[in-house]
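Here it is, the structure, as structure tokens.
In this document, chain identifiers A, B, C and D correspond to the written order of the chains, with residue numbering beginning at 1 in each.
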Amino acid sequence: MIRVTVWNEYIHEKEMPEVAAAHPNGLHGTIAAALGEDAEFVVRTATLDAPECGLTEEVLQQTDVLFWWGHAGHHLVPDEVVERVYNHVQCGMGMVVVHSGHHSKIFRKLCGTTCNLSWHDDSRERVFVTNPAHPIAKGLPAHFEIPHEECYCEPFWIPEPEELVFLAWYNTGEVFRAGCCFHRGNGRIFYFQPGHETGNSFFVPEVQQVYRNAARWAAPVLRVSEIDCPHIPELEKVTG
Amino acid sequence: MIRVTVWNEYIHEKEMPEVAAAHPNGLHGTIAAALGEDAEFVVRTATLDAPECGLTEEVLQQTDVLFWWGHAGHHLVPDEVVERVYNHVQCGMGMVVVHSGHHSKIFRKLCGTTCNLSWHDDSRERVFVTNPAHPIAKGLPAHFEIPHEECYCEPFWIPEPEELVFLAWYNTGEVFRAGCCFHRGNGRIFYFQPGHETGNSFFVPEVQQVYRNAARWAAPVLRVSEIDCPHIPELEKVTG
Amino acid sequence: MIRVTVWNEYIHEKEMPEVAAAHPNGLHGTIAAALGEDAEFVVRTATLDAPECGLTEEVLQQTDVLFWWGHAGHHLVPDEVVERVYNHVQCGMGMVVVHSGHHSKIFRKLCGTTCNLSWHDDSRERVFVTNPAHPIAKGLPAHFEIPHEECYCEPFWIPEPEELVFLAWYNTGEVFRAGCCFHRGNGRIFYFQPGHETGNSFFVPEVQQVYRNAARWAAPVLRVSEIDCPHIPELEKVTG
Amino acid sequence: MIRVTVWNEYIHEKEMPEVAAAHPNGLHGTIAAALGEDAEFVVRTATLDAPECGLTEEVLQQTDVLFWWGHAGHHLVPDEVVERVYNHVQCGMGMVVVHSGHHSKIFRKLCGTTCNLSWHDDSRERVFVTNPAHPIAKGLPAHFEIPHEECYCEPFWIPEPEELVFLAWYNTGEVFRAGCCFHRGNGRIFYFQPGHETGNSFFVPEVQQVYRNAARWAAPVLRVSEIDCPHIPELEKVTG
């Protein structure tokens, strides 16, 4: 059993009727439903408008993997919440950061970079698997199509990914490192490019497969309550 | 010509007579002198007690590589100064973080981790070169001795180093990844373990060679004024 | 169920009575017994003196993870057998290379380097976990002791490990990257330093735990019958 | 001064009049001319039809960086020559492997993988810089165009590149890791995708800039005569 919390700022759905129509339970509801197809996952959701963004200490302690979707409201997430999520990642909680979450406070803080990129709307995307034996690519074909997606273009200002799983091709002429793995402390972080609020990526079967694969990959191998910086005794009697 | 700024909190020297005696111009002065032996470097220093910690926008614009020594005063460095240094690293400024600087706000922010470790005083250290062809190991023997140094012990909670240059052995029984390279944005960061305020590492010839090598390695290949996140036009006429 | 084949050159046991006494079923038998304590593993062994070194196409097809112990007989392994093992790793078979296997033809071929190192006999070793959340470190303490082991010393001429799991400290003054992960094709390779024929590492409980953890980690995520280099049709109608 | 040897199998030029016409001095002559525009380089060439492929011990000792272009004649390069080149890379000689050289014996041997990929002819390629501060990207725009190039497509069966410098977009719908850095022993290796015998990549100014940048990057930091595996004395008097 893997306990997933899907966090979403939940702003566009309230302001854009077509987003609301496509995602009647919010983008978080759509992602949660895709995960819920596999009985291995116990899924809950949390949003910006809840107290403490729905990410209390108690919720995070019960979260193995946190999905993150944000865009217009990055600056509205309080620093204390970001710090709390950050601490849980260091202790072992996994994260899956989706699309415009590249610019979230938490992803930038974990990367140590701006996470900037170049972008424009209205592309068709083809996602290529660069690492077929990676657990996040499990069951996927060599490449798959996303009929309508926002284009993100290199350079993507992240640290060199520890494992590059996907590359994106766009019919508008660009490329992007679309699936990137990082480790921070005991935690695993996966960034995935598809997922624009007005696109249909969320319903592409291969994208949903990536969600499930990524949640399994990011689930903690080791979860501790604290990473400390202890004074230790000498291990040997001093010599020489 | 490489323009180096050596930053030091400059606290222990004022409180501990033996540190003041060993470093009459401060730890920054000692490091600056080691760099100054090579005419390639133009060196200045900056300290916590100067306005804006001596790290104004103007100073940073004229700095190719920033050395950082801090310990007792990490929390006294204002967040605005940290942010300013961080932005310059993203744009291309290099950094060399020395010893207890592992816990500085800026190094943690660049790493995206706690940078915790285990530690105790009073060891003898032997530094091994793991990557003899790395520019930072240039001219060094296979290993060299530091008669008196604080012991730092694994696990060191950093991201997996992109290049591991040095490993440390301690006579008290521990090991540590003592020389680690990272890239963030356009900037290069080197962390180096030796450098305790009451030790003599600063005067070990091989340590001074590492300072000079690291300054050369970390000097900008590309320095820009800003990393942005631009809306770009489509590169191709949309097809299919 | 994970199918493990433990390969051993099986030379020292026939020539050195003390090795035979410590390992009545050969070093392969000792490793196999450690793995066999977990019902998840189905273990067989193979040795240099068997036809095709016991590593026929059929055996390798039925092997998820291949352990490798060699020392005096590296040059006696036919190139065809090395090529066969290499092909299976590319297709997804995992490998765990133990101690003096660093100089085996297969490990050198997978690394693309000499895998040389410095060495001497008769050390006491302490193994440190550098990556506590790595699956191969599961259940291990921060460090553990090996009372009698051969010393391997840096520089270790391997490619920069993709994941460094263990570092070794020796009471004779050296350090070594003792647990290193690599990926080649679909296959995962783990190198582990302890395991000298005249030492007692094989019976240290933590070492045996590493064997089991490594076998689980190296088991194939994806196993294919061939990695090819196909001519493919264009994915788009040529434009522009 | 950097001493470059450009190696070319020199087969297509003798069999295909249009290749001969485009490259009157062979592909090696074209690459050598691009390098020769910078007085920093002293360039010579070598081809398959020379004794020992023109890569004698003497030539390699006087070579800082070896460029490699091969395609139809990979199997004609004797294993002894491959071994000799391999040894020089371990000792510090740099290599720049161009286009179809991905399948050369030497590149496969250095990678430890098949270096397979998917491919078809007749594409238009756009090369993106993913790492603008990398020395090999110096002076290049964010992306540049190659009007006519063979398409190479992921998955590219190489080890995870230590530094990814370029990504390729093709108008026929594919992507490829087009500029990849590796380290083996003391040597640096750069792989670069553009360079099909019937294309015009060799004359694209940005491609020629990459040749010069890559030659500078791959030049030895440290060159030794041998990588050995020595028995060493204990560094400490045995304790405990």
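Everything that follows uses one rule, which is that a contact is a pair of C-beta atoms (placed from the backbone, for glycine too) under 8 Å apart; a residue touches a chain by one contact, two chains touch by 3 or more.
All figures in this text were calculated on a predicted structure; none of them were measured in a lab.
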| item | value |
| --- | --- |
| Given chain A and chain C, the chains that contact each of them | B, D |
| Chain pair, A-D or C-D, that carries the greater number of C-beta contacts | C-D |
| Centre distance in Å when chain C and chain D are each reduced to the mean of their C-alpha atoms | 31 |
| Separation of mean Cα positions, chain D and chain A [Å, integer] | 36 |
| Where chain D touches two or more other chains, by residue | 118, 126, 131-132, 143, 153, 160, 162, 171, 173-174, 183, 185, 235-236, 239-240 |
| Sites on chain D touched by chain C in the complex | 90, 103, 109-114, 116-120, 122-124, 151, 153, 157, 159-160, 162, 171-174, 182-185, 227-236, 238-240 |
| Residue ranges of chain D in contact with chain A within the complex | 118, 126, 128-132, 142-143, 153-156, 160, 163-164, 167-170, 173-175, 177, 236-237, 239-240 |
| Contact set on chain D toward chain B in their complex | 92, 126, 131-135, 137-138, 143, 162, 171, 183, 185-188, 220-222, 235-236 |
